[in-house]
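One chain, subunit A, links the two complexes that follow: it is found with subunit B in the first and with subunit C in the second.
And then the complex of A and B:
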């Protein structure tokens, strides 16, 4: 009986029902899109940072991340290579040898990060080859060729074909020095990186640094990078105890934290929006319920208890909320899905925000069913919560008071 | 009451004067107008032990020229220090490179000394205020706090001094957070001309990660008496005397 009463009320007062429906539907759509957009931009941000150079995970000696230097190098890179080769979860991987040395042009010397890489492997692990802006990328047969960041080239005042001297320390701490010719210049957009990093074919750098079969770490790309925690934990089990597998969430923890703080601020601003929505729905329900005070008084006089009245009004809002949330979710989710596949392009943002690591003008939305489900549920609960106050208020009136209510 | 206070002030200033006098005597003994030396530097780290043989010429506090004699791979590498600047010449690539300020705190030749240590032979007497902490017959402990305008990296240095020989026995370095950072010990005192010199110095960093590290410098030849040709303290010398 409550259900049919509620249904009758909805159909009878069409204007009120339509407005409630529209309000909830648009709130749902807006919320789903907002969250999909912010999550999407965060994902894009992290993805760029991960894919430019760091990689999805590293395998290094315990202590290397904290201390760096030559005291924590993987001394038998071959045996780790063998383990990684046999791990079916890894799609591709490559060793790197990172060291800090002086690079010197004709006039100026600059402290730089020199990295020995296997040029061909990096193509599928990082954005190094595709960040080329001048000259050529390295090959596996290169010797005295160096691939340097655009800002570093500028600091050294060098260009393609120029010669730079490198002076650093071999792993036995003797002086390592050599002359390199600039083969290519890259620009990733990460300013710090572009102004410090230079790359050399590892097999050649090894002869100068005496680092044959030695690596600072291996960088990895998994088949399933989405479940990075699971795959790194699984990989850890097959590694010797002095070696650790660390994923990007730890390697880029500063960035991850920055994203978290940003998300928190987003949620704070959206909760203010929700508060407004909540009060709008509540006031709307309040007015609605009180305009029906006489009707409610009559129902009470006919023998309905205050519990029945609450039930009737609750079923009303339940029906309206369910319809609007279903419709809103379908529309919101479709929009999020569409823009995940066809990202929004805001031309110029990569240029504007390049120092923050934004390398693409595309901002895809993040279509995630779990996120969408909790978004929809939040609006649903908000709708139901909004009628509690008006209903309890009207239920406090006696049948006579309600009928006389103007 | 007043006279008690005056006495206290006089005692304190006398103590400060005495401390300053000890530092002055120490510096006078350890530094000559010219110094020529050869030494072995033994660097111990997690990766093992390494010996570097060095020949060095210096004039006063501000000019020095260093040549690496051993190991063979590094032979002929030269360093020139004039005031607070440092250049390096590497025969393999025939290049002279000026060490930029950003690299000053990097290790020198893989040792526990930094480039800055090599360059900033700051004068204890000029850059620090000395305070006498304790004094026995032939030894004293001094606390050195940098003067406000001194360009030094330490927050405090505690020096144990052998008063008879006017040489330091132990120097403990604190950072600006007053945390102990490294300890340098001196031993094997020998007379060279009018100077008494500790022939062995050992530096131990106190960082938890560097427990196994130490750098020991053993002087082999020391000569304070011969004048050093000024041509050593020019950029041309880097290449010229590299051979």
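And then the complex of A and C:
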């Protein structure tokens, strides 16, 4: 009976029903798209930073991340290599040797990050080979060939075939110097990285830096990167105590934190929108319920309890909310899914915001069923909460008071 | 007549107290939230602009042509006296500072990385942008005989440097020779400008000039201009005096900051528009019911000869009262919120690393401007007017006698 009464009321109060339906549907769509867009852009940011160079996890000596330098190098890289080779959760890995040196072209010298890499291994670990824009990528047999960032090449005023001198210090703190020929120029889109980094075949750099069987860290790619916390914790158990396995959430903690702050501000901004929606639904429910005060009084006089009245009004909003949230979720989720597959393109955004780590003009939305579910649930609860006050208020009136209500 | 409408509107408003209170609360809460956000976002961007101007660009900066494209010492401003004489003739220039910089490699005994060495005059920087206020550790001094250096906080952190630590800087001088210089750290600076905090080491102008083998030269001269409206005028004046020099305003040097400010303004306006269009729906709901349930009352008024405009004014005023009370409550609440956020600030130090990555301050202070409240008033006013259009149309269509007889609603 409550259901049919509620249904009749919904049909009878068309204005209120349509406004509640439209507002809730629109809010659901808006919220799902807003969160999908925000999360999508954040994921894009983090994914770019992880996949371009950093990698999903590192294995390094304790203290390397905080202090760096030559005092915290893995000095028996071979033994760590053996452990990683035997770990079935790791798909691929590679050692890197990172140092900073002065690179000089014909006219200019710039402090740069020089990294010794195994060129063939990097293909499945980073975007270094695919970021090539000029010349050639390194091979495992290269000697004094250098693969350099596009902005760094510009700063040094050098091109393919140019020679650059490197002056740095080897791991015994003696002067390390050599002459390299530029073999390739890359552009990842990460502005700071492109303007600082240069790569050399590790086996050759080891002869200059005296870093044979030594690595700054190993970069890893797991079979299951989605559960990175679990896999790094499991890996840690097999590593010696002085060596740590850290995943991208820690390696890029500042970036993760920046995205979190951005999300917090986004939620605060959108909460004002929710507040106004809440009030509008509450006002319409209140007005609607009070225009039916006489009818409600009559129902009470006929024997319906205040619980029944609450149930009837609750079923009304439940029906309206369910319909709007289902429709809103289907539309919102479809849009999020579509734009995850076909990202929104904002021409020029990568160039404009390059210093902020934006590497692509494409901004995909993030289609995540769990996120969509809690978005929809939030609007659903908002709808139900909006009628609590009007229903409580009308139920305080006695049957006679309600019937006399003008 | 107007007074009667006003009186009737006021009384009608309080016939249904809860309903009116809901609308007032809706307007007040949304408005205070919007005011708070507007002030906070505005404050964040203003802080970035302010620190950039104070620590780097000034209102206007001068560079040798080509320098910004190719940061080579071949493109430098020299002799400095030529510029300094010109500045003394322009009254609108409040202060200026001269900087000479070179990129190179900073190293400690254990670590090295790319950085920028900047030669400055502490006195000039203090007058220019109160650089001393950015000191977080140590002293705003190059020590005895100007032998020490100041360093950006993020760079100091990367090297684990403290006051008294020794660092070596290696760079090319003007002849192309690679030289090294050593100094101790006497102060750590945190300007909020990531480019400075992560990359810069400051030493005295005399020391860098000697190190780079240069005299009377600078790579940048930054100026503070007395009034904002003078900036363009001073820029044009300087461009005429130094046609072979890039004379650029801060917004030309950092277009991203202006863009961020514009995006934030658009975001604020869009938020006001969306929130108050929806709020207008809420006011509309109340006004419509208020008009419908008093149709007989209005019909009687019209039937006894009350002009339609009196009734119309009454309804508009009723909605306006709701809007004004909501606005006053919201403005008061928002004003208190803004005052608190602009004086005490919001402590976000637990997210410090993330905020500093993009140049935001970890303690955020809101801005508070009178125009926020005018903007808010117009939004409420617009929402109020929008909400009564439909009820008034409904009222205009009624036939009073039929309504009184109960034949029509």
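Please note the rule applied: the second predicted complex is superposed on the first by the 398 of 406 C-alpha atoms of A that agree within 3 Å, B and C clash if a C-alpha of one lies under 4 Å from a C-alpha of the other, contacts with A are read in each partner's own complex, and residues count from 1 in each chain.
Quick note on the criterion: contacts are C-beta pairs under 8 Å (C-beta built on N, C-alpha and C of every residue); 3 or more make two chains touch, one makes a residue touch a chain.
Because the structure is predicted, anything quoted here is derived from the model rather than measured.
Asker: Based on the superposed arrangement around subunit A, label subunit B with subunit C as either clash or fit.
Answerer: After superposition on subunit A, subunit B vs subunit C: clash.
Asker: Quick check on the superposed pair: does A:51 touch subunit B, subunit C, both, or neither? Answer first, second, both or neither.
Answerer: neither
Asker: Contacts for A:71 in the overlay, against subunit B (first) and subunit C (second): which applies, first, second, both or neither?
Answerer: Once the two structures are laid over each other on A, A:71 reaches both partners.
Asker: Which chain, subunit B or subunit C, ends up touching more residues of subunit A in the combined arrangement?
Answerer: Partner touching more subunit A residues in the overlay: C.
Asker: Could you say whether A:100 touches subunit B, subunit C, both of them, or neither, answering first, second, both or neither?
Answerer: Touch partners of A:100: subunit B and subunit C.
Asker: After lining up the shared chain so the two structures overlap, which partner does A:194 touch, if you call subunit B first and subunit C second: first, second, both or neither?
Answerer: neither
Asker: Should A:173 be classified as contacting the first partner (subunit B), the second (subunit C), both, or neither?
Answerer: Both partners, subunit B and subunit C.
Asker: For A:110, decide between first (touching subunit B), second (touching subunit C), both and neither.
Answerer: Touch status of A:110: both partners.
Asker: One more residue to check, A:206. First (subunit B), second (subunit C), both or neither?
Answerer: A:206 sits against neither subunit B nor subunit C.
Asker: First (subunit B), second (subunit C), both or neither: which does A:316 touch?
Answerer: In the superposed model, A:316 contacts neither subunit B nor subunit C.
Asker: After fitting the two complexes on their shared chain A, where does subunit B collide with subunit C, if the options are 1-9, 55-63 or 145-153?
Answerer: Stretch flagged for C-alpha clashes with subunit C: 145-153.
Asker: Overlap the subunit B and subunit C contact sets on subunit A and report the shared residues.
Answerer: 66-67, 70-71, 100, 102, 104, 108-111, 167, 169, 173
Asker: Quick one: in the complex, what on subunit C touches subunit A?
Answerer: 18-19, 22-23, 25-26, 29-30, 33-34, 37, 70-72, 74, 103-115, 158, 160, 170-172, 176, 178, 256, 259, 267, 271, 274-275, 278-279, 281-282, 285-286, 289, 293, 348, 351, 353-358
Asker: Spell out the part of subunit A that touches subunit B in their complex, as residue ranges.
Answerer: So the residues of subunit A in touch with subunit B come to 63, 66-67, 70-71, 100, 102, 104, 108-111, 165, 167, 169-175, 177-179.
Asker: Looking at the complex, which residues from subunit A come into contact with subunit C?
Answerer: 16, 19, 23, 66-71, 99-102, 104, 107-113, 155, 157, 167-169, 173, 196, 253-261, 268-269, 271-273, 275-277, 279-280, 282-284, 286-287, 290-291, 352-353, 355-356, 393
Asker: Spell out the residues on subunit B that touch subunit A in their complex, using ranges where they run on.
Answerer: Per the touch definition, subunit B meets subunit A at residues 43, 45-47, 50, 71, 73-74, 77, 88, 90, 92-93, 95, 97-100, 102-103, 106-107, 109-111, 209.
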